[in-house]
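Going in written order, the chains are labelled A, B, C and D, and every chain counts its residues from 1.
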Amino acid sequence: MPLGLFALSIGLYTVSAVASLAVSERTGGRIAAIGAVLGALAGMGAAAPVLADGQAVAVTLAGPFPFASFALRLDGLAALMVATIALVSAAAALFGITYAQEEYAGRGVGVMGFFMNLFVAAMMMVAVADNALWFIVFFELMSLASFFLVTFEQDAEAIGAGWLYFVIAHAGSMLVLIAFLLLFAVTGSLDFAAFRGAAVPASTASIVFLLALFGFGAKAGMIPLHVWLPRAHPAAPSHASALLSGVMVKIGAFGIIRVGVEFLGARVLWWGLLVLAFGAVSTLLGVAYALMQHDLKRLLAYHTVENIGIILMGIGIGMVGIASGQSSLAVIGFLAALYHLVNHAVFKSLLFLGAGAVITRIGSKDMGRMGGLLRAMPWTAVAFLIGALAICALPPLNGFVSEWFTYQSLFIAALHGSALVRLAAPLSAVMLGIAGALAAMCFVKAFGVTFAGEARSEPAKAATEVSWPMLAGMGLLAASCILLGIGAPIMAPLVGGVASSLVGGSTTAVADGVLVFPGDPAIGELSTPLIAILLIGLAGVPLLITALFAARRPRRRSSAVWACGYLPDAQMHVSAGGFAEPIRVLFRPLYGVRSRAARGLAAAADRFAAVPGGAARAEELWDRLLLAPIGRGVQAAGEQLQVLQGGDFRVYCLYIVAALIVLLAVVTV
Amino acid sequence: MTGLQLVNGLASLLIVTSLLVIEARGAAQSALYYALQSLVLVLVFLALAATVDAPRLFAWAAIAFVTKVVLVPAIMYRTLGRMSDPTLAPRRFGLAWTIIFAAAVVAVCFAVVSAIHLPGAATLKPALAISLAHFFLGLTCIVIQRNLLKQVFGFCLMENGSHLTLALMANQAPELVEIGLVTDAIFAVVVMVIIATMIRAKLQTLDVGQLTSLRG
Amino acid sequence: MPTIGQWALGLGQAAALLLLAPLVSGFCRVLRAKIHTRTGPGVLQDYRDILKLLKRQEVLPAGAGIVFRATPFVLMASLLLIATALPVLTLASPIEPVGNLFTFIYLLALVRFFFALSGIDSGNAFAGIGASREATMGALMEPVLVLALFVAALLAGSTDLGRISVSFSSLAGGSIGAQAAVIAAVAFAAFVEMGKVPYDMAEAEQELQDGPLTEYSGPGLALLKWSVGLKQVVMAAILIGVFLPYGAPASASIGGMAFAALAFMVKLVVVLVIVGVIENGAARSRFFLTSRATWAGFGIASLALVFYLVGL
Amino acid sequence: MTNLAFAVILIPFAGAVVAGLSPEPLSKWTAQLFALITFAAALALAFAFDAAGRPSLVLDLVTFGDAVLLGITIDPISVLIILAVVGVGLLVCVYSAAYLSLENREHPDRGRRSYYAWLMAFIGAMAGLVFASTLAGQLLFFELTGVCSWALIGYYQDQSSLRAATKAMVVTHIGSLGLYVAAAALFAATGTFALSAIGQLDDTMKTVVLAAILFAAWGKSAQLPMQMWLPDAMAAPTPISAYLHAAAMVKVGVYVFARGLLAAGAVPQTIGWLGAVMAVATMVYGFLLYFPQQDFKRLLAYSTITQLSYIFLALSISVFGSPLAFEGAIAHVFNHAFAKSLFFFVAGALAYTTGTRLLPELRGILAQAPLIGVGFCAAALAVTGVPPFSGFFSKFAIFAGGFQAAAAHPLLLPLLVIAMAESVGSFAWFLQWVGRSVLGKPSPKVAAAIPLPAAMQGVLLILIIMTLCSGEIAASWLGGRPS
């Protein structure tokens, strides 16, 4: 049944994609959106049963290629991915109905719908593919569709970003291809089923893991390979960048889990530690660079790098758990990673949709030109605030729950781990803590400078609330943010089930009634519903106090902002750069890393500039050294022979007779 | 004087006539001398027919007479007679040299023919040598003459030489061979005449040396 | 799920700490006055200020939005929530699901988030800079607090505040060095979080006219002053309740808790005196140099980690 | 079935004669008609062959004593390749009928009869070579294609195209010496020219024959020692570049080598190493020469060189015992034929409409002419091997086969890694041109483009569809052999 529904969902996406090309722009955009929403529902319907009972469903068809069968497998992990993709795609489609029409009218809305739906369908297929060839095909199809979304603006900056993005994505998929082919050389078959049980020799296993880590890391936006992310995501239309940031980077993390854990069994300890290290570095540097941004969408893009770092930390701890035989630690690690994967997909896409709504009204991505939108666009502001609270992992929302589990997994690893782990885990926890604080500061800046304070530009003053479908899209995600947060006791066991299926079926209790705990309640308990109720209840105390004295107080009035007696003007307002200036001063070594890397790249670039010149010289070298001498030699020989052909046919008759005589002589001899 | 001596005598007469053809001043004279030579050739055929009692040679003689003595010289006379090229440079080789050269050729041919063991025509060896010499004389005519028309006559001499050789060695051959040989000769002459006239018309010269632009 | 008794203890404890807060800030003002050899406004002055402000008219800045108006309530609610979960009167935290180490850190982060955001939302330039400083202090202090509490949890084998206070109460845990370093680090972090003179960066009166509080007036200002006072009490309470838990009973018996309350008050006075002396002894430091002090704090915390790893 | 094969070989020659003699305007229609008939015959052959359960049969036509001079062989590979060759041939005829016209802004030209005659002759020669079962037959059609290529390159009769034609003729002829040597060696050793005889040779003779065939293949497929003629051959009219120098003639070298390997059975490994190393060297050389190219067609020429070196690499890998690599190579021949001819047709369309072939002057093609823009993207992605386009599937088979063989011969790994790096590098470079030329606002030249004739649009559309499904066709046809 689930695979039937899944096929229906993919069918809906692809049919609506193609249909949106055929019809006029306005209806095309609408068809694509409706197709996407229905497809999403079908996708969630397919994923739900598998998530609930954890029974993997698989089917193998004989595809056109004899060496690779078309195999699909909807297991726990894939179901979680499909559900997340479906949720975010539904919200993006809802948002896109009017957003595409307002922002990109006349510039191929139908084509955008086509690529959006194709992109989502490809992602779902990647999650479910169970054969190396088809995995790579859909992996690249995903990059291809998103390339056209990133370059949709067709200006120089978008094209440059698109180029960088697709090249790194293609290089990444080539690394993954090498990894699969190494496994293919060992097992002789391209099916993942064969890969899972493969007895891979230790050395090739490490090579395959490293290839997969960097191949999928490039797609996920891990620090050394993240350069494309802050340029590509802002360039795409907002509901597309919501999908890009929210879900596509997760395919990278999903890939690392598939290869590292399912195929290679995460046997080696240093694998887990390496992933943990990359995760921690990505978290810290990601948020540090995010703080420095003026462009709202670039800021959010850098935060994707940070949150991917957090997910990788969870995966790293999970792999450490498996390698050191602590299955409960492994389950908690993967639970943290997968839960954060879902949460990040939800709140990051909410933030991008919010940013998109603001940018349609302001017309530019620069935060300096915004401000005063809290009153002008209240609903968007509230949604963006919920997203900001969630991403800063503030209780009781979903970001806090998954980060709490990450902390707990780091704690358990530090408690029982080997020497190296007991050092690495606390350091990672500290880096996660710093990142948390910087993230809070960054989103205070983002929300404050964008929405709060005075309107700092004409469009900001004239801004009005966005249309209802966009609000519906954001509302859906905001609601799921809250539900995933407060509903942790319901959600945690589901994700825990998927995590334990990764670790080999050992069930670890993660939730009981309203409480949620990392395997053993003694280590630590959390109850987000309780916190939510208490927060609302305790808010009553200050309300009660002010109400007591309300009678004697004159009505509230408003006046100009106090500026030491001067008339307040817009320049006085804190700017995006000014707000983050202390961090740039105090954390200078952190920013040194990027400038050194930029200098290295510049040096490489101008070395590359010499290549075309050299190649052009090499090209005509062939003609000069090889062909010209042959040509001249043949020409000279020709001149000598020319004498024979003097033009006097009398001489020719002599030649004939001479030849006759010679032949007669030869014959007779 | 037996038939054989007659044949050898007529053959030697052939050499003389070919020399005449080579040295003749104008094209018309050459045509006449060619007709004469063909007549001599016919006589050789008749003599041969009588001595070797080869009845087919009579037919050969008749055909040869019709074509070579009457038809070909007529064509050449009528078409080539009119053409003359005042600018033609005088011959490089004097008459004397030509004769000496011809004698040398005949001597060589005798040496060659005598070395060869020929069962059929043992007695006719001198005629055979003459025919071979005749063939080479035609070649010398082509080579030493600058006049385009002389090339045509050179070819005809060579053709007569080979015709004579054929007659001597394969006198039992059916008339068909003769007809083939003769038509070949006629057509060759016709073609060469046409080419000569076209060259004359286009390049206004008959000097072979001017025709180097034809080279590849 | 916590029992009725635990609910009562938790909420009662929160109410007590709330009422105690103005007394504590009043005591600090009196202490500063005494050190300045002047008589000072008296211990109950803060109660009078809060009551006066509650009756005053509220003047809102022109650009203020819902965040500006909601911050006082959010601040007080979350601080009360922290207060309910601290193991002050018993060695176990009254409401366990809330009394978790990382929940405490991120509730503090929630407070800091709204406090800074209200600064920007007020539209006032000074409040904006105050907000930026508040957030920067958060970023500087986070590593110290996280590492110190992390090592404390490792020592106790659990991230629940109650169990940590039990392990610190016994002192026989074997790693005395690590425990001492942890207490020092947490004390430093608590001092900075209290916002006492060398580190009252956000509300630096002389420079920033009280930072994010600049535009508040009337009941809003009253609640915020009360919340800031409560935050100071909460930080002191966690230092005393979790890390200096001597005198607190393991189980929630009436007699035991009464004695624990008395012990808590004594320890609180001692801490406040030490803080007062440091605060008034130190001169104001340039904002961009505070990172040196905080990195020193982080040094102490990492020392604690090394002691723990080595098993000192 | 055999008379269908004869039909496929002889109809084009007949077409060449008829097209050559018919009056000027009629010649292009007769050419198209004959090409259509040939394609129909090829299709009929394919279906008949499949219906008959794909029997691989060899038929000797001309034998001189016991030496088989000429013969035809019908097996899955030759039927597949003939479909590609004749299919693209038909498309070329249709395309050139519209391309060679006075409205063409790059080369206004009447489309003389000689063009169509030579083109049809070329199709016939290609068909002959594909079916040839003897070295002599291959040699005959090898030279015939060389002549046709010489005539067609020099079609525009200007100085540069004549010199290019001669250069092409000379270099490919030097290459064909290899075939002479191979034929002679084979004949000397076994007394016959039949390809099947290569199997009976001992190792040293087999190495000599195969090395000679390889040398000829390098000449014809423009591999490293003899690659300089292909970029200059771009002076030919674009349909010719599309057909000869992308889909058909350059494939002759590879096909001949493949036939040699197939017939030789156990191939000595020296041939494998020689082929592989030279293929990778060509690949790197061709890749380095992407960068200075400004002219669109020269860039495509170098891309052809590198793509062919992939096929050589695959064939050399199949020597190390990987049938998958061999099937990948043949599939890549099939896919590359369609993908690269689409790319050349796009270049032709751009030359026709805007009058220039210099890439820097072409910007915003998608905005001005959407079909050409889509064609450009489809071709670029297909050639550089990005799924879902066809190039990827054959490259995947090649790499999969390569890694299989590398398990036994680890020294193959660095070669494979270089090949993969080159694939990514060429993808980056072509994507850069896609970004610069296809997207963005139209440049002055593109904005002033004239509309594209319907015939050319039809051909572009067919080829775009083919780039999407040729991968599947080739793989299922080759893989589906009754085991």
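The definition used in the following text is that a residue touches a chain if its C-beta (ideal position, glycine included) is under 8 Å from a C-beta of that chain, and two chains touch if they have at least 3 such contacts.
Computed from a predicted structure; not experimentally measured.
Q: Would you mind telling me which chain pair, A-D or A-C, is linked by more contacting C-beta pairs?
A: By the number of C-beta pairs in contact, the winner is A-C.
Q: Indicate, using Cα centroids, the chain positioned nearest the centre of all protein chains shown.
A: A
Q: Measuring centre to centre with CA averages, how many angstrom lie between chain A and chain C?
A: 39
Q: Round to the nearest whole Å and give the separation of the Cα centres of chain C and chain D.
A: So the centroids are 78 Å from each other.
Q: Need the CA-centroid distance for the pair chain B / chain C, whole Å please.
A: That gives a centre separation of 136 Å.
Q: When you check chain D against every other chain, which residues touch at least two of them?
A: Nothing qualifies.
Q: Enumerate the residues of chain B that touch no fewer than two other chains.
A: Touching at least two other chains: none.
Q: Please set out, as single numbers or ranges, the residues of chain A touching at least two other chains.
A: Chain A, residues with two or more chain partners: not present.
Q: Can the chain contact pattern be summarised as a line, a ring, a star, a complete graph, or none of these (other)?
A: Contact map by chain: star.
Q: What chain-chain pairs meet the touch criterion?
A: A-B, A-C, A-D
Q: State the interface residues of chain C toward chain A in the complex, per the touch definition above.
A: Spelled out, the residues of chain C in touch with chain A are 1, 14, 18, 51, 54-68, 72-74, 76-78, 80-81, 84, 95-98, 100-103, 105-107, 109-110, 112-113, 116-117, 119-125, 128-129, 131-133, 135-136, 138-143, 145-147, 150-151, 153-154, 157-160, 163, 209, 214-215, 218-219, 223, 287-288, 291, 305, 309.
Q: Give the list of chain A residues in touch with chain D in this complex.
A: For this pair, the touching residues of chain A are 64-67, 133, 136-138, 140-141, 144, 151, 154-156, 159-160, 162-163, 166-167, 170-171, 174, 177-178, 181-182, 184-186, 188, 190, 611-616, 618-619, 622-623, 626-627, 630.
Q: How about chain D: which of its residues touch chain A in the complex?
A: 167, 170-171, 227-228, 231, 285, 288-292, 324, 367, 381, 386-388, 392-393, 396-397, 399-400, 402-404, 406-407, 417, 420, 423-424, 427-428, 431-432, 435-436, 439-441, 472, 475-476, 479-480
Q: Show which residues of chain B lie in contact with chain A when the two form their complex.
A: Within the complex, chain B touches chain A at residues 139, 142-143, 145, 151, 208-209, 211-216.
Q: In the complex, go through chain A and note every residue touching chain B.
A: The contact residues of chain A facing chain B are 642, 645-651, 653-654, 657.
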